[in-house]
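Across the two complexes that follow, chain A remains constant while its partner is chain B and subsequently chain C.
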Partner chain A sequence: MAPSARQGAEGARAIRERAGNTLDSSLIVAQFISGLTSAMTLFLVASGLTLIFGVVNVFNFAHGSFYLLGAYFAYQVVAVSGVGFWAGVLLASLGAGAAGVLMEYFFLRRIYGRSGEAGFQILLTYSFILILDDVVKMIWGTDYKSISKPEALAGPLSVGEVTMPRYDLVVIAIGLAVAVGMWAAIRKTRFGRNLRAISSNREMASSLGVNVPLTLSLVFGLATALGGLSGAIAAPVRTVTPGAGIEVIIGSLIVVVIGGLGNFWGALVGALVIGEVTAFGILFLPQWAILFSYAVMALVLVFRPEGLLMKKGNAR
Partner chain B sequence: MILELKDVHTYYGTSHVLFGVSLDVDRGEVVCLMGRNGAGKSTTFRSVMGLSLPRAGTVLFHGKDVTRLKVHAKARMGIGYVPEDRQIFPELTVRENLEIGRSSGIRRADGWSVDRIYGLFPVLEKYDRKPGGQLSGGEQQMLTIGRTLMGNPELVLLDEPTEGLAPVVVIALKEMILRLKEMGTTILLSEQNVKFAAKVSDRVFIIDNGAIRYRNDIEGFRNDEAVQKRYLAV
Partner chain C sequence: MRGDRTDAKRRWSDWAQWGAALVLFAAVPLLGKKHFVNMGNEILVMGLFAMGFNLLYGVTGMLSFGQAAYYGVGAYTVGLLLSKGVAPFWVALPATMVAGGALALILGPLCIRLSGVYFTMLTLAFAEMVWGIVFKWYAFTGGDNGIQGIPMPDALRTPLRYYYFTMAIVFLSFWLIRRIVDSPFGAVLQSIRENPERVGFLGVKVRRYQLSAMVLSGVFAALAGGLFAGYQHSIHPDMLHWTKSGEVILMSILGGVSSFFGPLMGAAVIVFIEDMIGKYTEFWEIWIGGIMLAIVIFFPRGVIGTIHTWVSHWRKHGEHADTAARP
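Entry: the complex of A and B
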């Protein structure tokens, strides 16, 4: 979150200088859009985190690292190999998903159901933050990388007084499409029904013939692909740096605490709250902006520790 | 022989629970595994499914060693498991609970469908789109059985189906078991109630302290009051 807040702060200052320090409505709209954009990238990561927790029963500390992988994969295929932007985004998501499947298959799978599993999970997934961070540094170095937006979306879109960055609108649309698509997949498809059954009782689902190990790998792959998608579409608006994995996981952690861990819509609500609180925090009190999201989280922890959307004792 | 256990030893962590269980079930039979609470009935069923993997011994299905197969693979071969504590999926609708039973992938022209399950257990139909968690204990037991039948199993492991149910529901279950038997389904049932067992079973095994202590056909068992007293709380 930190770099976005930093960049956002600079952006806001620039905007305010241009606007002569008056808060007109176009500035509010611009900040709102910017808040939505970062909300969507956060949502893509947090929804995967919450999906893995709800179905696989693992808290994947390394989830932010798949955002990181997505961003670097996108840099590699788009900026270095010259593949088209959206094809690059797709490849980056698939790459991150494949990395997630490998991590689940070769490592996490070995500790499911072990006594004291939670402790092993923390150690294992945390170690992957360090491993993936170093892998990224070894391959791409520590310099900031950037990729440019697709040309067609580089400019702003003006509606009356208000101008909005076209690319941000696309990011928001992607986030909303993923939210609706995931909801429909979970509620309306066979795969989603299996996920809900596994989340409620893994042994029973397998006793009925559901291939639980395969499903868990697929969930892991899907969730890490969403993380990769987030990193890839955020790459043109944020610089790509090795530390991004940790920043994103902290942001997502705040989001899932607010929304309720394991709650899909909670991840969306949490991301919207944090995205907008940060965006408007930057506008009004830039030096305090980062603190606002922690403050919101602390308030939720004190007054609704089960999360804003969570019914007590309900995992989804 | 459709199912055979040979000298099965099963542990929970370090605690040794089954001490060489051997039993067999023929195609089309209803066989009852009887024993007190804690005797090892559920663990025997869990060992067959692979939910608790035996450390020694073999489980044969149609003569093939399936001991170490994955749980879902056993379901897909035609072993249906109805656990004792009615583990329905409370947040899934009744219909979804039933549909997930089709995950075994076994399809038959004369196979089970949601409508046929509703025919077998008419009370379930009115809950079609309601979460399974809203059902009463007896209704949940019917849903668990129906869900397993949806996979068209050849062999059904029914773990203490009558436990804690009202007498009318027990009668309905008895009729259901006899109907399944008529249809050719093989059933391995666990039970503590001698009367119920005698009404539905062809043969009986008694398990105590994790080992089979007695086996007989139903006539012999019914008349053997000494055995009933010794191993069961009659």
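Entry: the complex of A and C
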């Protein structure tokens, strides 16, 4: 979160100077849109984190690393190989999803059901943060990388006096589409019904004929693909750097603590809160903007430790 | 685990372990190489950090991923007090313990509101917050430049003197940790690890004990950080970085969290490995990650713990063979 917040702080200062230090409505709209944009990238990661936790019962500490992989895959495909932007985004998500399936199939699966599993999950997924971080550095180096936005979306969109960056609007639309799509998939399809069955009782679902190991791998792949998607579509807005994995996982962790881990809509609400709090925090206290999200998390913990959208008394 | 051994045997093996550790560390400077003294110093400091962490993880069953915050705050206590000329080293070093304990008293109550994975992630998040403050507060902490040239008292100027000073403090702390673990208080901590709910039913205020464990572990982490600041004469925000918290976890599980000196052994192994890897490659994270992955999958009880299991298995097997052979 640190480098992006720093860049954001400089950006905000520039915006403020241009606006003559007055908080007019167009500035507020601009910050609101930028908050929504980062909220959506956070939501894509956090919803995957929550999905894995709810169904597979694993806290995937390495989830931010799939964001990182998505961003670098997109850089490779779009900026180096010259494939079109959206094809690149699709390939990057698929690549991150495939990496997620491999991690689940070859490693995580070996420790399911072990006593003290939670601790081992954290350590195992932590080791993947370190490994993937170095793999990325070995392949792409430590320099900052960037991707340019697709040409059609590079400019701003003006509605009356308010101008909004087109690309940001597309990111927000993608985030909302994923939210609705995931909700429909979980609630309305057979696959979603299997997920809910596994999440409430794995053995029972298995004895009723659900292929549990396959479903767990698929969920893992789907969730890490969402992380990869987030990294790919965020790449043109934020620069791509190694070490982004941990920034993103801490951001989404704050999001799920606020919304309630395992709660899909909680991830959306938490992401919106954090996105906006950070966007407006940058405006007022640029240097300490990152502290606002921690402060919000601490407040939620004190007054509603089960998360904003969880039923009260839901012990965790 | 020690149940099948008699008290006398246990006491003997205890004395042997303490004796071996003391003799080994006291002998390091006799090897005559400055490099070994430096490594010994690092092992002692990281060992103290890991043993303090294990009070939380191995003893009480709370996996904190934010111990670097306490370690770093200890280092910055020494660095800031000395470089700003506020207090001498002899005051600053004990002050690290106050600072570490105070930080745990602030963050602890927030973290223990949740348990399990949530607890772990909260400790990480708040430690990142502390790192962010240290990293950005240029005027006070020097930001990402850190602080160099921390003035040390004359009595501790040479590396050799500082080494023995560190050794004395660290072993004194080990003794304290041992007393804590073996006390009735320590017994409550261990029962909380086994089953916090049941301990709560007995009328024990579980959260108060968990908070105490966090404070104690923060105190020892901060002391380790203070010792390291005095040894390096410099401090840097990297000391609070989350990879430092990961490193101390790795040391503990590598050595084995259920044996008393396990974390110290783990610290020694990791310091050696980092020293070797550092010579050949800049990509040390992938090695650390790979080792961790291998331990989790193949040696979940740590290296020492696994050897211990093999030995006791073999011993039991032998005894069974004996009784079976008897007519």
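By our rule, the second predicted complex is superposed on the first by the 311 of 316 C-alpha atoms of A that agree within 3 Å, B and C clash if a C-alpha of one lies under 4 Å from a C-alpha of the other, contacts with A are read in each partner's own complex, and residues count from 1 in each chain.
By our rule, a contact is a pair of C-beta atoms (placed from the backbone, for glycine too) under 8 Å apart; a residue touches a chain by one contact, two chains touch by 3 or more.
Treat the numbers as computed from the prediction; the structure is a model and nothing was measured.
> Will chain C clash with chain B on chain A after the two structures are superposed, or do they fit?
On the shared chain A, the partners fit.
> Count the residues of chain A touched by chain B and by chain C, then name the partner with the higher count.
C
> Which holds for A:L176: it touches chain B only (first), chain C only (second), both, or neither?
Touch partners of A:L176: none, neither chain B nor chain C.
> On the A-aligned overlay, A:D133 touches which partner chain: chain B = first, chain C = second, or both, or neither?
In the superposition, A:D133 contacts chain C only.
> Per the contact definition in the header, classify A:N194: touching chain B only (first), chain C only (second), both, or neither.
first
> A:V212 contacts which: chain B (first), chain C (second), both, neither?
After superposing on A, A:V212 lies in contact with chain B but is clear of chain C.
> Rounded to whole Å, what minimum CA distance do you find between chain B and chain C in the overlaid structures?
In this superposition, no C-alpha atom of chain B lies closer than 14 Å to one of chain C.
> Where on chain A do the contacts with chain B and the contacts with chain C coincide?
In the superposed arrangement, which is not itself an observed complex, chain A uses residues 316 for both chain B and chain C.
> Which positions of chain B touch chain A when the two form their complex?
13, 49, 51, 70-72, 75-76, 81, 83, 87, 89-92, 96, 99-101, 103-105, 147-148, 151
> Chain A touches which residues of chain C in the complex?
So the residues of chain C touching chain A come out as 63, 65, 110, 113-118, 120-122, 124-126, 128-129, 132-133, 135-136, 242-243, 246, 249, 253, 283, 285-286, 288-290, 292-293, 295-297, 300.
> Over in the complex, which chain A residues touch chain B? Could you list them?
115, 190, 193-194, 196-197, 200-201, 203-213, 314, 316
> Can you list the chain A residues touching chain C in their complex?
Per the touch definition, chain A meets chain C at residues 2, 59, 107, 110-111, 114, 116, 118-124, 126-131, 133-135, 137-138, 246, 250, 253-254, 257, 261, 287-288, 290-291, 294, 297-298, 301-302, 305, 316.
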